[in-house]
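Next come the structures, one after another.
There are two complexes below, and they share chain A, which is joined by chain B in the first and by chain C in the second.
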Partner chain A sequence: MTARWHLLMWPPLLLSLALLVGSQSIFLRGSFFADLRVGRLGSELTLQNYWRVASDGFYLSALWLTVRLSALVVVFTFVLGYPTAYILARMRSVWAPLLLALLVATSFVTIVIKVLGLVILFSPGGLLNVSLLWLGLTDQPVSLRGTEFGVVVGLMYFTIGFFVLLLYGVVRTIPRSLEQAAQLLGAPRWRVFWRVVVPLSLPGIITSALVVFNLCMGAFTSAALIGAGRILTLPVLIQRTVMLDARYAMGATLAAVLLLCGLAINLISILAVGRLKAARRVVA
Partner chain B sequence: MATVRLDALEKRYDTTAAVAGVTLDIADGEFLTLLGPSGCGKTTTLRMIAGFIAPSAGRVWIGANDVTTQPPQHRDVNMVFQDYALFPHLTVAENIAFGLVERRAPRAERARRVAELLELVRLPGHEARYPSELSGGQQQRVAFARAIAHPPRVLLMDEPLGALDLKLREAMQEELRRLQRQLGITTVYVTHDQVEAMRMSDRIAVMNQGRVEQLGTPEAIYERPATEFAAGFVGSINFLKGRCVGHEDGCYIVETAAGRLRADTGAARIAGATPVTLAVRPEHLRLDTAAGADGRENRVDGQVAASSFLGNLVQLVVRAAGDLELRVELRAGDRRPPDGATVSVSWPTAKTVLLPSR
Partner chain C sequence: MMARALSGTWLALVFGFMIAPLVVVAGASFGRGGRTAMIDFPPHELTWQWYLAIPGDQVQALALSISLALACALAAALLGVPAALGIVRGDLPGRRAIAALFRLPLQIPAVVVGVSFLQLYYIVGDVIELPLVGSFWGLALAHLFIALPYVVGSVVAILNRFNMRLEEAALVLGAGRWSTFRRVTLPVIMPGVFAGAVYAFMVSFSDLPVALFLAGQGFVTFPVAIFQSLDYDFSPSMLALSTLIIVFSFVVMVVVQRSIGLTNLLHTGGAG
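Our next item is the complex of A and B:
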């Protein structure tokens, strides 16, 4: 008898699919009609909105900006988060779970509060600038508001907790004895990390990186509040198009493009990992 | 290859001492086993030799070097872990070559060595397999091959056969011993299985509560245990409590509930009238009527309380005066008295060991 337990995955899968398709299809349907502004749609099916997005440098650069910022956040989150997750996972102290809980808790604080905190911190009279001026590192206030770097920092504020939590779990599944064996075989710390820990956590790294990437691609608050109207990522642009300009069809088109790009990037990454696994038989 | 010297080694955790002062000299090429019950500090001792645990006090010497403060990768020791700790993402060949890569051995040299080692552990042709595709015994061999690929000065093994079934265990005991002899690597082996320890070791250190109770060859520990604990942990044995009342003709005289008994061997420095324990192995006990004419026999009368047939031998329980129970092992061909029969149990004083009472 073959095990049929995989049938269990279908109800939740179908449910989430139904919710996604159900809610989005009505909205996304609008992208196939001409945008007559002030909230009205044309009556004939057309691809003209997509054509506009594809041919207008403004929209393309917004898409590129969104992907680029998301990728940057992934890189920075990884560089900061992976060692943190590793150290927390290998800490013998009773404080490790508490530290992890604190870190994760910060990720769940409402994003608006956190971002406003950052805005205050980064303001010309804020703590950061006062310290920088006092230390003499700069002679006029630097502002992160309205800069890409500021947005990246804001996004990281909310992704790093998730990332560390996910990778903490991954590292905990790697037996410590593997690292000790590598050490006895003559590998210094960084070699142990490179030859044992990294390959064994690679599938987990990719998955967590994708989670962060997806969170960033759809993130609105950080980009809107810290970007201060100067960093126009796609989510910000969609909000403006729909809410301020009442161009529903165009907003729907941008949303569809964002969705498709995200899906494509995820799919490619997952396929690439599959390839890698098949080639190296990485088992977590 | 090197000698190992543990000098008053200690490891204390908050309230307990996992290792409470272990001093051991391990000879070059020796196979020494740390034997003891769960929690007696075997693993802790081994890991202090490897360098994974920093001792609270004492020193570790390997050869002429004090390595107490050196990290594991600089000690030139290697270890076979209980769970083997094979790298799951690497093939058998890559696992074995792991340390050779770290030591920058050229590719051809690595390939040659891997082939040679697989031959040695009788796994040729398994280079490309992953650990998950091997049986427990095969994984064990790969772990061993990996540990000796670049021959370490000292090889440490922490219950490496613990996960195997009995048949395979026995086969691997012989295999490991053969390889260790062949290579002449100084080996410290950890087990709580006394049969395994006896079968494999040059010397055994019987550990209890963080201390070495007795250090000696398997024969010495079996025939001349130094403490009640060592006597009871290795093989089965009869204990008779009593008081040492004198010493004559090179014999200790001990007053017990079952009468006056004698012991040839014993721990020295037993003062008069101290509580002591006599110990004698069941296989040295005989049921016969002929008294040892020279007086070099101990004799206790009693009744057969139970007997069981075990194929090659018969085990009897004889109940004697003072609620004393003696376990007696007879060969299957020997005359076997019925239950309840009155018998006289005797054994040579030479096989009687006098121990200080706990």
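Our next item is the complex of A and C:
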């Protein structure tokens, strides 16, 4: 009776496998040939592209820029997102489901449109700059396009909704009674938060932060639209290397490096959470 | 009391931050355009003019994006449901590995998907003389590749919670296998299918990198059109279209909440 269910799985599985293996093997193979530009590859296997990425300051600084900006986004997203998730998870008013729905709806609006709004908001004669100048907070307009600051802000819009929703789920699994117990024993509110809520949500925080970091490392849309060709993170550089310079092997090598970074981060995530859980078992 | 006021202020600030760009787009779409720039926010006088003068190529780009996203969502649902049924009920050894295999595309950054499908299509195109680059089906297939894990994930999640007794009851009462599936199983897993399909639609609709690699002459999706116009010829009619999309996204969310509840959608985010 049940033996035949698995037959259903084969068509989608074979299609997914064919697309996965086909696409990934072809481009990975291409990265091991010399790049002769204008879309042509050399005929002998070589590691020279990888050597180039590892030794050329241009590529190394792009990699470092991508890591640095992604780390900044993680920090800012955490600072804004974690308290928000906590407040939402502990809220008892009628506003809670409404705010949650608003959060989901805004996260579902395509990032392209959010970036468009950001660019307008930060335009030289735009509302934000006029008020900043009027308040005397800056003496020249804050610009978004082509600056690292702008790319970080743009990436935050890509990640914050997702991050809040993830941590909302994490905080909801922590029983409220634990906080009440600590409060009854005389701990002030901030201390309850710091000594009870934060430690219990730490595994969730770490995995969510690494998910956000990974998303940022591979994020193209915000970085390309706001970076305006001046902030070359790895994904933007890959697109330009292939589409503008027609250097397929070099683009493939950079793509392989990006893929490896993602896999490494996932591995770290699994190991870190495993260790945390193991440590907790010992303490308990 | 203090704490409540404090958390209320915090929420207002964070939500204000998140919604600000959408408000700006919607507001500026009603502006007439200033002396120095085409964009006028906050608008000095309100006008519908940009909504009435949306150029044909922008409408075409939006129509292409919508039909791509629909095709992607439909295909992902048609393939994702049998895949999930096979994983959960197939009782194959190594089903965890198979489930992980279906999730694998989520680990590949979209830019890498774009580069790799471009090269795959070049080679396939050479062999069978089928120009997939710059074609609707080529782009749809690449979007399906990224979107399928979401449907598989959401349907697997719902099947794992499924009470098999329901099906047994239907079978005992004399229903055939097909009508049991159609009248018992399918209605139960439908929220998962719907949530996954909504995700698949959004993944395809908001994709820029893959479309940039696979787009061709006169074949431009809406995100690609915005990407190109930001650098060259930005027109406020773009804002009018974007505002319509924002409204549409919010309407979809209301429909989702009314029909299957937001929790089903949120489960999909982790893709199983």
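Definition applied: the second predicted complex is superposed on the first by the 257 of 284 C-alpha atoms of A that agree within 3 Å, B and C clash if a C-alpha of one lies under 4 Å from a C-alpha of the other, contacts with A are read in each partner's own complex, and residues count from 1 in each chain.
The working rule: contacts are C-beta pairs under 8 Å (C-beta built on N, C-alpha and C of every residue); 3 or more make two chains touch, one makes a residue touch a chain.
Note that the structure is predicted; figures quoted are calculated from it, not measured.
K.L.:
So, on chain A, is it clash or fit between chain B and chain C?
P.N.:
Overlaying the two complexes on chain A (C-alpha atoms) leaves chain C and chain B fitting together cleanly.
K.L.:
Quick check for you: in the superposed arrangement, does A:142 touch first (chain B), second (chain C), both or neither?
P.N.:
It touches nothing on chain B or chain C.
K.L.:
Of the two partner chains, chain B (first) and chain C (second), which one does A:15 touch, if any: first, second, both, or neither?
P.N.:
The second partner, chain C, only.
K.L.:
Let me test your reading of the model: by the given contact rule, A:186 touches which partner, first (chain B), second (chain C), both or neither?
P.N.:
Only chain B; A:186 stays clear of chain C.
K.L.:
Mind working out whether A:162 is in touch with chain B, chain C, both or neither, as first, second, both or neither?
P.N.:
After superposition on chain A, A:162 lies in contact with chain C alone.
K.L.:
Using the touch definition from the top, say if A:262 reaches chain B (first), chain C (second), both or neither.
P.N.:
The answer is second: A:262 touches chain C but not chain B.
K.L.:
Could you work out the angle between chain B and chain C as seen from chain A, using CA centres and rounding to the nearest 10 degrees?
P.N.:
Rounded to the nearest ten degrees, it is 90.
K.L.:
After superposition on the shared chain, which partner residues are touched by A:7: those of chain B (first), chain C (second), both, or neither?
P.N.:
After superposing on A, A:7 lies in contact with chain C but is clear of chain B.
K.L.:
Which chain, chain B or chain C, ends up touching more residues of chain A in the combined arrangement?
P.N.:
For chain A, the partner with the higher number of touched residues is C.
K.L.:
Which of the two partners, first being chain B and second being chain C, lies in contact with A:132: first, second, both, or neither?
P.N.:
neither
K.L.:
How far apart, in whole Å, are the nearest Cα atoms of chain B and chain C in the superposition?
P.N.:
The answer is 11 Å, the least C-alpha separation in the overlay.
K.L.:
Given the complex with chain A, which residues does chain C contribute to the contact?
P.N.:
The touching residues are 3, 7, 10-11, 14-15, 17-25, 28, 34, 36-37, 39, 41-42, 79-80, 82-83, 85-87, 89-92, 98, 101-102, 104-105, 107-120, 123-124, 141, 145, 148, 152, 202, 205-206, 208-209, 212-213, 222-223, 226-227, 230-231, 238-239, 242, 245-246, 249-250, 252-253, 257, 262, 265-266, 269.
K.L.:
Which residues of chain A touch chain C in the complex?
P.N.:
2-3, 5-13, 15-17, 19-20, 22-24, 26-27, 30, 80-81, 83-84, 87-88, 91, 99-106, 108-121, 123, 125-127, 157, 160-162, 165-166, 169, 189, 217-221, 224-225, 228, 235, 238-239, 242-243, 248, 251-252, 255, 258-259, 262-263, 266
K.L.:
Contact residues on chain A for chain B in the complex?
P.N.:
Touching chain B from chain A are residues 175, 177-178, 180-188, 191, 195-196, 199-200, 280-283.
K.L.:
Flag every residue of chain B that touches chain A in the complex, lowest number first.
P.N.:
50, 52, 71-73, 77-79, 81, 83, 85-89, 98-99, 102-103, 130, 132, 146-147, 150, 152
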